[in-house]
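Labels for the chains are A, B, C and D, by order of writing; each one numbers its residues from 1.
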């Protein structure tokens, strides 16, 4: 049996589940994981359940083949391969969110590129790739990332980026910590809303590549600030 | 007097009323019914009242002719024929929702087809019919489904679909259980919002027919997950 | 000193203030009045204050010249002439709301006609007039209805309609009761939101004149239903 | 050590932080300051923290060079130069808000001018300037106002206006009091939402210059009314 993860990490993962629901990134579906802090070949994720109801005792450990290691034999999400294959392909990634975050969906199905409209979303960088499951699994899937091969195809599509859209499905966001990945998921949704609005007004002046990088680096120094607020808002809402 | 329905079914129907209000599908109007679990020729529905205030004691039984069977002689909604005629025409249907769910209204009045933009709304399938009351009752009705003939015309327009729009009025959604019909009503509204947004961005790549079917089948295995969340949110909101 | 108004009427007026704030029709500004139930030459309205904070002791009486009759010498809103002149011109009107209800503003400044998109807003009828204060008071007013002459011009623009828009300012809604005028104000805002959305999708099939009339008559029989819900929501929100 | 500021002013500043978060102008970022009531060369602002969590003990004093005067040696926001340089350039300004208020962002990146669509936003006047940081600091900044030179450039761009947009970043709003600047920030966001909606409907009839001025003067006499409501709403929400 692997070592236990840090209780503080598990606490943050539970809070992150509630924050993401409360801020409108997750609804009854979607999931967030974090790489185990003592076992880099494992990650922590809730058992298969609604993220808004997750508590510390619901967190299970999963390895990079997608096998759950749980003394109670519980299962996690069908789409755990999103997480396992990204952790395998990207040693820099410590946390992963998969959501159906609503404002992002239209960008995945129309070919419009999601780009950083303001400094809060500099992490979007120059390129937000779009994953098309039809290229890997044909025209009649249920769109879920159900196995390692699909997880690998998605990880390949993500490449070195922070965010990848999934056509007709949602998106995946990665980060070097729970706080960073939550920040990115919330501002990916926000950027989508603002860009969609601005596109109707005229030509948009997006961040330059240099601005996107500098703003992203700067925001990484302030991740604790919104985290405290989102945490408090989730509590105020009753989570 | 017919047998009593299962108390658990009545409880779910009460919760469903509150969930649909809390998630923005119903306001002061609209209704949900479920087929009686022991008497397939009857269905359960609230007496004529605002759905957000419905309690177990407000549920009455109605037959497929639209006659209420209630020892206290209470009435139900004028538009009970939406329910009675769909239950008559569709033995597979166990639950029906009629709402004025806002994002769907524009699709009913502009000729734009509502289609599945992502896997959550695969149940929309290839065809969401639009019911035009003028074809049955002329140019000067109050748009309500006030009698059996109008209920039959609506059921005919629905055909084998999961959802039918009603021009200048709202929509009707059917399912094999309370949980499924609530899921479908909430994601019909969500799909309408997203499709409306995406239509302004460009040509939309909708789910293929195979994807819609596979995604719909898959979602039917997970109906309990969002149901628990919606239930909890309704409680958190004070229902 | 005039007779006291019915305490039940005053209670409803207080509740209506809170409901209109809670449903997003009023913010810190705007007002609702009701004609005195025993003195048709007077109406009841809050003293000059934010509608969300109004209590029964804040209600004052005002006559059709805009003079407040209050033993404590309190003032009401500068724009009381909206109310006084409509009550004078329209003996059928028992309640008046003036708001800056947001979705309606764009219709007042672009020449787009607000029309009934669904049966809930049949009361909009064939014609929602737009009041242009420049025709009465020139190009440099603060847009407020500050005196009898402006109140008369607005009442004339309203004519026999249920709603009039005020360019660059807001709108006024009238009804035969508090419940009806609240219903109309809330669904005027709702109709504006839906019509604005639908206009981007294509040509809209609005209610026919006969449908608008029939639907409006029908809704007038069910005004108590949403009223109870809005009342409860305002209480749940803490008003 | 400078004199202490009035406790009432500090209380209002704390409340203003919460109101701006609760009304959607600030999120985890952004800040509001007020000029010290006894030391015009100082201003009061929270230490570097999320505005929704600010309490009276978090307020520090800062001078017009951007140096914090705090017995505990605490720091304030990196972007304090927004405040210090505007206070220096504009003796009439007593309060400043910097936000990423969402509906305003699209106007900063598309060249569309923000203009007063209704009387509540007359303070926008004829001209809302847009600050382009590239003109001062090149193509690869993180967009923050990190030093006096950038603060001066922003203040120069603001000129005598009430609001300036900051491309790809947010906006700055100034006023003669906390209540006025909060009013302006909230209605700047509201105006952006309405103008964006109206632009899709057709040509907009904006307020004339005379109307904008008269409406702005009029609103300045009623600043206490919405302030009480926003304060109460922030308390109802749990701040």
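Points to keep in mind about this one:
To be clear about the criterion, a contact is a pair of C-beta atoms (placed from the backbone, for glycine too) under 8 Å apart; a residue touches a chain by one contact, two chains touch by 3 or more.
Worth saying up front: this structure is predicted, and the values here are computed from it rather than measured.
Listing every chain that touches chain C and chain D alike gives an empty result.
Counting every residue number used by either copy at the chain A-chain D contact, under half are found in both chains.
Mean C-alpha position of chain B lies 46 Å from that of chain D. Mean C-alpha positions place chain B and chain C at a centre distance of 33 Å.
For chain D, residues that reach two or more other chains under the stated contact definition are 200.
According to the touch criterion at the top of this document, the contacting chain pairs are A-B, A-D, B-C, C-D. The residues of chain C lying in touch with chain B in their complex are 117-120, 122, 190, 193-194, 197-198, 200-208, 210-211, 213-215, 217-218, 222, 225-230, 232-233, 236. Within the complex formed with chain A, the chain D residues making contact are 21, 27-29, 48-50, 52-53, 100, 102-103, 105-107, 109-112, 139-144, 167-170, 196, 199-200, 237-238.
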